[in-house]
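First chain written, first letter: the chains are A, B, C and D, and each begins at residue 1.
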Amino acid sequence: MTIYKPEVAVIKRVEKLTVTESLFDLELLSGKPLGHRPGQFLELSIFGVGEAPISISSAPSDSPTFQLCVRKIGNVTTAMHARKPGDKVGIRGPFGNGFDLENFKGWDVLLIGAGLGLAPLRSLIWAVLNSRQDYGRVFIIHGARSPQLLLFKEELREWENRPDVEFYSTVDVADESWQGHVGVISTIIPEVDFDPEKTQAVIVGPPVVYKFLIKELKNRGVEDDHIWVDLERKMKCGVGKCGHCQINNVYVCQDGPVFRYDRIKNLPEAI
Amino acid sequence: MTGKDLNIYVHHVTRVEGHGNILVDVKNGELKEVKLEIIESPRFFEAMLVGRRFPEAVHIASRICGICSISHTAASIKAIEDALDIKPTWQTETLRKILMEAEILDSHALHSFFLAVPDFFGLPSVIPMASTNPDVVKTAINFKKLAHEICDVMVGRHTHPISMVVDGFTNLVTEEQMAELLKKIKAALKNDVPKMLEFFSRIKFPDFERKANYTCLVNPEMYPFYDGMIKSSEAGVYRHRDYRQKIVERVVDHSTAKHAFGPVKPYMVGALARFNTNYKQLMPGAQEAAKMLGLEAPSYNPYHITLAQVVEIVHCLESMSRLIEQLLSRGIRDERVERPPLAGWSARLPPAKKSWGVGVVEAPRGLLIHEYRINGNGTIDAANCIIPTAQNLANIEADMRELVPQILDRSKEEITQLLEMLVRSYDPCISCSAHLLKVDFVE
Amino acid sequence: MDQAESRRGGRLEKYLVAKTSFLKLVDEQIKEGKEVVAPVRQENQANFRRIKSTAEILWGGPQTVVSAKSFVFPPKEELLNYETNDEVRVQPRVEAKPLILLGVHSCDINGMALLDKVFTEKNLDENYVKKRENLTVIGVECLEPCSPESFCYRKDSVLPWDGFDLFLTDLGKNFFVEVGSAKGESFLSGLGKKATQADVDRVKKIRRERDAKFDEKQRKLKPKLSDLPVLLKENYNSPVWAERGARCFGCGSCNMVCPTCYCFDVRDCVELDLKHGIRARWWDGCMLTDFTRIATGEIFREDRGARLRHRTYRKDYYLFEKWGKSFCTGCGRCGKACLTKVVDPLDIANEIYERSRSR
Amino acid sequence: MAKPKVAFFDFTCCEGCQLTVLSLGDKLLDLFESVEVVNFREASSYKGQDYDIAFVEGSIASSKDIERIKEIRKRAKVLVALGACAHTAGVNAIRNFHNQQEIRKMVYGDKAWVFDSILAQPIDAIVRVDYYIPECPIDKEEFLRFVSQLLNNMKPFLPDYPVCVECKMKGNVCNYHKPNPIICLGPVTRGGCGAICPSAGNACEGCRGLIPDANLEAMEWLLNEYGVSAEDKFRFYRMYNGLMGMKK
C-alpha cells in the first residue's frame, strides 16, 4: 500500500445537475465508510486518464455513500461524466483539513457558496443542519451565473423553505423564470441581515470571488479571524509532496483547503 | 489487335513514396503516349541549401527524403568532405557503411513486403495480411525493427540521423552496443531470412524483359553502397567528379522531377542494376538466396527489382555482421578528442579546401549524387542533387512503351494493374525526385 | 558531521583504510554483481553512471551535471500499473534494488538528507523511502572546490550533516573513513584499523586548511547564512525578481539539476487497447509555466519573476524556516545550468542584500 | 464502440512521418487493431473517403494543395497536423526567404513557369487544425500516446516545457557548456522529443516549434553573449521556425 495507490470505489447513482455538472453517489468497494469531514477532498482516479482533486459534497452522516459533484472541464472530469452506475473508479483520500465544526458551534454561521463552490459547501451545510441546535442563526447565500447553472435546485428550495435557515440567492444574469436577486454574489452581502459580531462566515467559490466577498464582509465589520475560505490550486498528489498547490509557504492540500482568513491574508499569493 | 483505343489514367499511384500519375494513350491500336507524371509540388532543395553553412546543409539535405535520409546525409557529407579535402578515418567510414546497409535493409523490407507483395495477393495493402499472413508481416516488422534499432543506437534515429556529421560522429556507439546489435543481426539471419526466402520463392512475377542500361557504383573491395567508381553500361566506368559529362538531366513538361539520361539513353539504377553489375561480390548467403529465388544475373525483367531487393536484404545482414566484427576486433576509439567532427554552429572550415565537391552513394533505390560549391565561410553557394528515382523515370517510361503493346490484348484492369506494378517495382521515391505516379488510360 | 554524531546519540566509528584495499573491496563487489554508481567523466563535465571498475571514477571535480537525487527520485518513476477489464486491478509499483552510490559529494549527501525529511514527513512516500533504504551512500570529502559556481562552504554544506553510510577523506595512501550507519560498518567488512587520535587531529588540520582555501576561493555570501530567511522575507517586492525574471527562459534547468528540488507531475499512459496502463511521476519544476496552470486556464504564478522568487524562497526561506536548514546546499549546479545567469541563489542573496543596504 | 476510421494524407514533405508510423514495429499491428485505416496512400491502394480522423503530413506549397486540404478538412471530424512540415512548414519554409522566381529558375531553368508553386505554409494557415504532433520526424512514442489519448477521449498531452527539461533529465552536458559551444534552440523549443538531438551531440534546431511563451529576448541576450552574428542567428532561427526570425 503506497500513498499513491487508489482504492476502488463503485458508482451507485448519477444525477445530472446542469449541462456541465453531475452528482455521483459512490461507495468504496470494501464497503468501509470514507470517514471524512466537511470540506475535505479526494483524488479521483480514472485509470488510463488520470487523477483530479474533487471535494466531497455530501455530509459525513450519509456514510458509507459519499457524493461528488463534478464539473466537466478536462480529461478526468470528462471521463467521469462518461461513467455509469456500476462503473469503478479510484479514490485516494480524504485529504486536506476540512472544516472543524468546533469553530462554528454556538455561533451564527454565514455560508456563502459561489458557483461550483456550493459543492464543497454543501457538505458543511448538511453537517450544520444535521445538528442545527448547536448553532445560532444559519445563513445560506448562493450565487450562480444564470438560473440554468443552479446546482442542487431541490435542496436550494428546501433550504429556502426551512424556517430555521435564512436563505439568499442571486444570479449574475437572469431570465424570465428568475424572480430573485440579480447581480454578482458580492452585491447581495449588504442586504443580508446578520450580526457581524456573532457570525462566522465561510466563503467557497472560484478564485475571482474571494477578494470582493471578503471586502464586503469586512465592510460589514466581520473580523478577519471570523472569515473562512476554501481555496483551489493545481494539485498532483494531494499529500503534500508534488509542490503544485503551494501558496507561498502553505500547501493547500495539507494546510488547507480551508483557511481562516487572518492566517493567510498576508500571503501575497493567496487571494 | 487492330483498332483498339485505350486511355489509362492512374491518379496518385499508391504504395509508392510521393505523388505520381500514369498516363497511357492508345489510338487505333497505336501507342500515342506513355507518361509517368510527377505531380509532387517542387521542393527546391537545391535552392534551400544555398546560403547555408555546411553543417546545417547536411541536416537539410536529409529532409529530402524520409526513407533514404541516411543516404542523403551520407551523400551530402561526402560532397562536403570532397570539397574540403577531408579524408575520414577507417572507423568513421566503416560505421557509415553499416548505417547505409541498415537503411537498405529497412527500405527494402518496406518495399518488398509492405508495398510490392499486396499486388500478388490481390490486396489493397499489407494491413489485411496482418491477419491472413501474420508470419510474413511479422518477418517484415522484425527486419524494420532491427534496422531502426541499429540506426537509433548509432545515430540517434533512423529517419533524419542526428549524430552522423562531416568527418565523424558527434556521439559514438560503444563496443557493447555494437556487440548487442551483432547478436540481433545474426538472429535475424538465422530466423527471419529463411522465412523471407521461402515466402518470396513462391511468388510468381510477371514475365517481361527489356534490356536496360544499368548504372551503379563499383568497388573492387566490396559490393558497394557507400563508395566506389560509377559504372554505366552506356558510358563505362568513371570517377564521381565526372558525372556531369556522363549524366544529363532534362526538365520535361509532365514532371516536377527532372529526367536523367546517361548521357543519351535512359538507364536503370537500384537493386537490380547493382545485382546485375556486382553479382560476384554478394556475400555467400546472398548468392545462395538468389539461387533459391531463381534470380540469375543478369536479369532483364524490371519486375525482378523486388527480388534483387530481397537478395540485398540478405547481403546487408551478412555484410553488417562482417563489418561489425571487423570494427570490434579493432576496437572502437573515441576519435572526437583529437579529431572533433565538424558539426554545429562553431564548426570552422579546415584550412585546405577545394571549392566544390561531389558525393555519390548507392541509396536503396540507386545512385544518389550531391554536388556542392562551398565558399570561404563554409557556406553553400550552389547545389545540385541527382536522385535515383529521377534517373529511373525515363527508363520506366521506356519499359512502359515496350510493355503496353505486348499486353494490349488484355483487359484494361489487367493492363492498369501491370503498369502500376511495374512502376511500383521500381520502388519510386517521388518525394525525393520531387514526388509520384498515376495511370490514365484514354479510350 | 558533528550533528550526525549527536543525532545518533554517540560517536561514529572512524577508520584508517588503505586506498588500494578499499578500492579492491569495491571492485570485488562489482564482480559479485553488485551495482555501483559513481561520477565518471562526461565530455568536459561528469555524471553518475554505473561503473565496471573503480578506475573509471572521477574523484573531485568537475561537478556532475545532475545531482545524485536521480537514484532516489528518478526523472520518471512508475507509481502504479493497472488493468481495467471487467475488474479493475491496480498494482502499486515500488521499484528498489540495492545500489552502492560511491563518490558522492557533501552537497548531494546533504541534499538527500533534506529530501529524507520531506518524503517521510506525514505521508510517507514509499517510492522514495524504499529506494533510499536500498542505497549505500559512500561520500567523499571535497578538498578543492569542484566548480567555480559552487558555494557549499557558504551554505555550511562542505561536510555532510547526515545521510551517508561511509564518508571518505583522502589522506594520500589511506582513506580516513567515517561510518554513518550500521550498513556502512558492515560494508567495510573489517577493513583497516580504528583511527587514532593523531589521525583525527590530522583530519581536523586538513579540514581547517580546506576551510581556509574554500573561504578564499568560493564566492562570498554577503548576508549571514542564518539571516537569509528574514532578508528574503523583507524583500518580497524587490525589483530583483522582475529584473532577473525578464531574462529567465522559464526552462526549468535549475529545477532539474538541483539536489533538493523535488516537485513532480503525475500522468497516466495507456496502451492502445485502453485497458492496460501505468501512472508515473516525472520531474516537474516551479519555474515552468504550466506548473500552476489549472483546467480553467488560470495560471497562479504567471510571471517568471514571481516563479524565480518562489524557487528562491523555497530554498532559503520557507523550507529553511520549517526545517532549520537551507534547502540550497550550495552545489552551484543551477547557477551553471542557467544560461542567462539569473538563478544563482548566492548572487540573488548578495544582490538583495546590497540593494537593501543602500536603500 | 466502432473503430474510428483513420486516414493519412501527405502534402509537400519527405514522408518521413508516415514512414515513422509504418515503422512502429509490433505497435503497428496494435494500431491496425484499434483503428480502421481507410486511406494511407503510402501503404495502401484503398482510398476511403469516409473518415473520422485525418492525419495530415507536409506543407501547403501549391494552389492545388489548398483545394485538397480544404476538402480533407470538410470530411474529417478531427484533423491532426503530423510533423514539422504540417505544423510550422518545417524546412520547406526556408525557401520562403529566397526570391521565388530566382529559385524556380535555379532548379528548373527556363521551364520554371510550368510548375505551380506558392510559398510553403503550415496547414493551419489554410484550415483549422485540431491537434498537432510536432517534430521532424514525429516521435513514435508521442504518436502512440496521441492515438491512445484520442481514443480515450482525452485532450492529448503536448508538453509546454522546453527541450532543456528533458535534456537535463538525460544528464547531458549542455551544448553551451562544451569546450566548443554549440548554439542550441533548446531553451525556447517545445519539449517532448526527449532532447534527442542534444543527446546525440547536436544542437536542438527547433523542429518542434517554439513553446507558447518562449522568451526570445532572453534568447537574444544569450546568443549575443556567445557572439553569434545576426546572420547566423537568422539562419538558425529559420531552420524550422521561419516566422521566428521574421519577428525581429
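Rule of thumb we're sticking to: a residue touches a chain if its C-beta (ideal position, glycine included) is under 8 Å from a C-beta of that chain, and two chains touch if they have at least 3 such contacts.
Since this is a predicted model, take the numbers as computed values, not measurements.
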B-D against A-C, pair bridged by the larger set of C-beta contacts: B-D
Chain whose average C-alpha position is farthest from subunit A's own: B
Chain whose averaged C-alpha position falls nearest the assembly-wide average: D
Separation of subunit B from subunit D, taking each centre as the mean of its C-alpha atoms, in whole Å: 24
Whole-Å gap separating subunit A and subunit C, where each centre is the average of the chain's CA atoms: 39
Geometric centre distance via CA averages, subunit B-subunit A, whole Å: 65
Distance from the mean Cα position of subunit D to that of subunit A, given in whole angstrom: 44
Per-residue multi-chain contacts in subunit D, two or more chains: 152
Sites on subunit A at which at least two other chains make contact: 48-49, 74
For subunit B, residues that touch 2 or more chains besides their own: none
Touch-based graph of the chains, sorted into line, ring, star, complete or other: other
In contact (per the touch rule at the top): chain pairs: A-C, A-D, B-D, C-D
Touching residues on subunit C, where the partner in the complex is subunit A: 79-80, 82, 84, 87-88, 90, 92, 94, 118-119, 121-127, 236, 262-268, 270, 274-275, 277, 279, 281, 284, 286, 291-296, 298, 300-301, 306, 310, 313-314, 317-318, 321-322
Interface residues, subunit D side, partner subunit A - complex: 152-155
Residue numbers on subunit A that touch subunit C, as the complex places them: 1-6, 8, 45, 47-52, 73-74, 77, 88, 90, 206-207, 232-234, 236-237, 239-244, 246-249, 254, 268-269
Parts of subunit D lying in touch with subunit C, wherever the complex brings them together: 27, 30-31, 33-34, 144-145, 147-149, 151-152, 157, 160-162, 164-165, 167-169, 171-174, 176-179, 186-188, 211-213, 215, 217-219, 221-222
Residue ranges of subunit D in contact with subunit B within the complex: 10-20, 22-23, 25-26, 28-29, 32, 37, 40-47, 61-62, 64-65, 90-92, 94-95, 98, 102-104, 106-109, 111, 114-117, 136-137, 175, 180-183, 196-197, 199-203, 205, 228, 232, 235-236, 239
